[in-house]
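Listed next: structures, encoded as structure tokens.
Next, two complexes with chain A in common: one pairs it with chain B, the other with chain C.
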Partner chain A sequence: MIEIKNLTYTYEQGTGYEAHALNGVSTRIPDGQFIGLIGHTGSGKSTLIQHLNGLMKATTGDILVDGTSIYSEHYDMRKLRSTVGLVFQYPEHQLFETTVLKDVMFGPKNLGLSDDAAKERARKALELTGLSGERFENASPFDLSGGQKRRAAIAGVLAMEPKVLILDEPTAGLDPRGRDEILSLIRDLHERRKMTVILVSHSMEDVAQYVERIIVIDSGKIRFDGTPREVFRHYRELEALGLAAPQVTYLMHDLADAGFTVDTDAITVDEARDSILKSLPQFRRTV
Partner chain B sequence: MLKDLTLGQYYPEESPIHRLDPRVKLAGTLVFIITLFFGQSVWLYLGAFLYLLIVIRLSRVPLRYIVRGLKTIVVLILLSALFNLFLTPGDILVKLGPLTITTQGLVTAIFMVVRLIFLIMGSSILTLTTTPNQLTDGMERGLSWLKIFRVPVHEIAMMMTIALRFIPILVDETDKIIKAQKARGADFESGNIMQRARAMIPILVPLFISAFRRANDLAMAMEARCYHGSEGRTRMKPLVYTKNDRLAYLGLALYFALMLAIFITLGSRVI
Partner chain C sequence: MPIVSAQNLSFSYELRDEEGNVAEHIDALKGVNLDILAGSFVTILGANGSGKSTFAKQLNALLVPTGGTVFVDGMNTADESHLLDVRKTAGMVFQNPDNQMIASNVEEEIAFGPENLGVEPDDIWRRVDMALAAVGMNAYRKTSPNKLSGGQKQRIAIAGIVAMEPKCIVLDEPTAMLDPGGRREVIRTLHELNEKRHVTIILITHYMEEVVDADYCFVMHQGELVMSGTPREIFSDVETMRRLSLDVPQVTEVAYELQQAGVPLPDGILTSEELTKALTAVRDGGDPAAAVEGCRRAK
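== the complex of A and B ==
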């Protein structure tokens, strides 16, 4: 479990340009939860996740991972980075090795594992991401397609076998098929491997059908925190923050306003369809 | 962490020096550097000091900002001072074991330090008051006569503009890559020189790839807008000399004449 306590991060402290990227963020992330972290560009979401694996150090506040403060003396940062795996935006830009397998082995080897152990973990991670087999292992990472490169880069983090996986906009710049592949891979990791997953995105549509909890961050503060249904009920406030609820939320609210009894809490297209079908007799009468 | 590289970065301000034509400022810097090498005379350096003082005052750049740029070359200054101090032959002043300090050495060392400091301050005034774009514009115009000798002045200037434009982008990129590799457990802080050098590979390879990718994108974007080099190219803000620029040239000529006069009358005398 990760506990974030009153975290504040200030840029350019002590100068005239002082700015709070994070301003008193407190929350708990229990093991095994699938969380969507939503905010627009510059809201502080990327800053927040970089704190969670110790890449950035908070100005004030504390982070407890499994009960121990990561700011305590002699805290093993390397262990933290293997516990909390962070996949950056466009992770394929960090590939550098001559073969996919070697690149994925980079993380485990940094943890001090032997070549054989690292290779075993790398193979496992590549299998999870659907890149197993001789063909991929020995290919240059630069010869892969865009979606494959990204999966190889994600494998590079998975090979460290983190308990918590954080992904920053993992679907940015991918075509619809690549996007679905990545998102279902992530769902799989959460459901089968029981990983805690934090999915950072600015698209409600993407996360709505996958996550069980949404945290909305704006100007370095948590604005909403709850199940997708609860959060999307505030769709008008979300709009004021420059975010939008899924399209179906608007449709259902419009239908409800027009006098139809539909479930305004529907967040996916499937749920909306079911709800509309159920009240279909009502529609027929009106038409 | 790489953002601290601020040696001579543009300091926005509305001062007479900022408004000068970049060609004037380039000429001024060149003249200043030439005069610094006229010789070792207290009067010459006093002249240079006054010139520098007036320009800094006019530029309204805080002195502290300029001095900060000196920090990066402190080691260089100290080294050259020490070498000059101990290795110049001449009349022995002090003897410290195997080391001797000569009068000539002491004088040369002092002048060397002052000259280096003036040199850095003088040239950082140029970059502090001129945006990179103005600077390359000025160079392109100021050196356009080289075109007679088939020197591709415009192309060189464009390359400089692009190179300068890319520095902050690549610094950002490097920062990102370092973080991404750190997230994979990479360690850049410990180990001996060889280990540290090897630890750079996971940064350098992605950085090179990204630089090439960006260069490719930029070339495409330029070609899509029909860029074809200098021929027949007009400018949005053509450089035109104003009254102030002419005045500055006059002042510069006066300074140069004065320094030349001191140099000729004093010869190689120190005082």
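== the complex of A and C ==
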């Protein structure tokens, strides 16, 4: 469990340019939860996730990982970075080795593992991301397709065997199939490996489809925190924050305005279909 | 006359290994034929690796064909004597706005393009004013680009192109890195440029909802042009789109799912308004196809 207590991060403190990137953020992230973190560019969400694995240090406030403050003396930062794995935007830009296997082994070797142990972890991580077998292991990372490169980069983080996986816009720039592949991979890691996942995304449709809890950040503060259905109920306020609701939410509201008895909290295509069928007397039984 | 005409356009290149031997021969574009009408708003869809970015780079001669011909406003892009004129005619905007910003404030950023074209100073400032107004960023002319949001930066990148007064702007996934608000801003700006200033817009995107309001749409797959038509025609074929690693807008998908469950809806429903009207007709015993048709004509 991660506990964030009244976290503040101030840029250029004491100068005329002083600005709060985080302004009193408090929340708990229980083990095994799948969270969507949304907010417009510059809202503070990237700053927040960089605090969670110790890349940035809070100006005030505290972060407890499994009960221990990461700011306490002698805290093992290296261990924190393997416990909380962070996948940056466009992670494939960080691929550099001559083969995919070597690239994925880089992290575990840095943790001090032997070649054999690192190789075993890398193979496991590649299998999770659907890139197993010699064909991929020995390929140059630069010969992979866009979606495969991204999965190889995610494998590099998984090889550290983190308990918490944070991904910063992992689907940006991918085509719809590549996007679905990455998102179902993430869902798998959450469901089968019980990993805690924090997904930073600009796609409201993806967040609605996959996560169980949404945290909305604006001006360095948490503005909404709840299930996707609860949060997207505030779609007008979300728009004012530079965000939106999934397209089906707008459809359901239009239908309600036209006199249909539909569930205006529906946020996925399947939920919308079922709710619409129920509202049409002649099709009710097909649900 | 079309502003862009690709005639049997092919582009291939060779990958070489460390010793300089040919390791692989790649056909990125294979015999593409298409015309884009001046003043239209068109979108190009395709999976990663389908050739759409390679195609975009042909339009301002960043790449020239290895087979066939591309004409931009009647000029053959392979003719080097036209290079500057081709680039003045078709401006390009890329995915990451941060890679496109060079100046210390917004107005200098926008002035950079026309200055490079050798435009007279008075005319440069007229163009900067015009471009700022066109993208709705007047209030930010003295601001440093690094203080802007992603959507604002991308609008400045667009303004930098607008200041060169091109007839045509080609945008390669300009919204891929933006938040929903930024995406709305950029797409609205593009439609305004198209409607008020009659600039031809060629938009490459993975966001299907950005395609809905376009005049025409091209779909590429493995270097070939495989579909073309109005967004309604393209999105009527949900299964083909999925086979091509693409998608349809969420509202279209809901309509398709309802059709599969037996609700008598027409193909190619694109907007919430259309689906609401069609379902109202189904409920009240009217004609759903006529209801959608009515919506479309009202626009």
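The working rule: the second predicted complex is superposed on the first by the 281 of 287 C-alpha atoms of A that agree within 3 Å, B and C clash if a C-alpha of one lies under 4 Å from a C-alpha of the other, contacts with A are read in each partner's own complex, and residues count from 1 in each chain.
The rule we apply is simple: a contact is a pair of C-beta atoms (placed from the backbone, for glycine too) under 8 Å apart; a residue touches a chain by one contact, two chains touch by 3 or more.
Please read these numbers as outputs of a predicted model, since none were measured by experiment.
A.B. asks: With both complexes superposed on chain A, which partner does A:L55 reach: first (chain B), second (chain C), both or neither?
C.D. replies: first
A.B. asks: Considering only touches as defined above, state whether A:P228 meets chain B (first), chain C (second), both or neither.
C.D. replies: The answer is neither, since A:P228 touches no partner chain.
A.B. asks: Once the shared chain is lined up, is A:R78 touching chain B (first), chain C (second), both, or neither of them?
C.D. replies: Only chain B; A:R78 stays clear of chain C.
A.B. asks: Of the partners chain B and chain C, which touch A:P91 in the superposed model: first, second, both, neither?
C.D. replies: Only chain B; A:P91 stays clear of chain C.
A.B. asks: Applying the touch criterion given at the start, work out whether A:G220 contacts chain B, chain C, both or neither, answering first, second, both or neither.
C.D. replies: After superposition on chain A, A:G220 lies in contact with neither partner.
A.B. asks: With both complexes overlaid on chain A, does A:G242 touch chain B (first), chain C (second), both or neither?
C.D. replies: second
A.B. asks: Tell me which touches more residues of chain A here: chain C or chain B.
C.D. replies: C
A.B. asks: Is A:G42 touching anything from chain B or chain C once the two structures are fitted on A? First, second, both or neither.
C.D. replies: The second partner, chain C, only.
A.B. asks: Touching A:L111, do we find chain B (first), chain C (second), both, or neither?
C.D. replies: The first partner, chain B, only.
A.B. asks: Just to be sure I follow: which residues of chain A are touched by chain B in one complex and then by chain C in the other one?
C.D. replies: No residue sits in both footprints.
A.B. asks: Which residues, counting only chain A, touch chain B once they are in their complex?
C.D. replies: Residues 50, 53, 55, 78, 81-82, 85-88, 91, 93-96, 106-107, 110-111, 142, 156-157, 160.
A.B. asks: Looking at the complex, which residues from chain C come into contact with chain A?
C.D. replies: 46-49, 95, 149-151, 173, 176-184, 206, 208-209, 245-247, 249-251, 253-254, 257-258, 261-263, 272-273, 275-276, 279-280, 282-283
A.B. asks: What part of chain B is in contact with chain A in the complex they form?
C.D. replies: 176-177, 179-187, 201-202, 205-206, 209-210
A.B. asks: What part of chain A is in contact with chain C in the complex they form?
C.D. replies: For this pair, the touching residues of chain A are 39-42, 89, 145-147, 169, 172-179, 202, 204-205, 239, 241-244, 246-248, 250-251, 254-255, 258-260, 269-270, 272-273, 276-277, 280, 283, 286.
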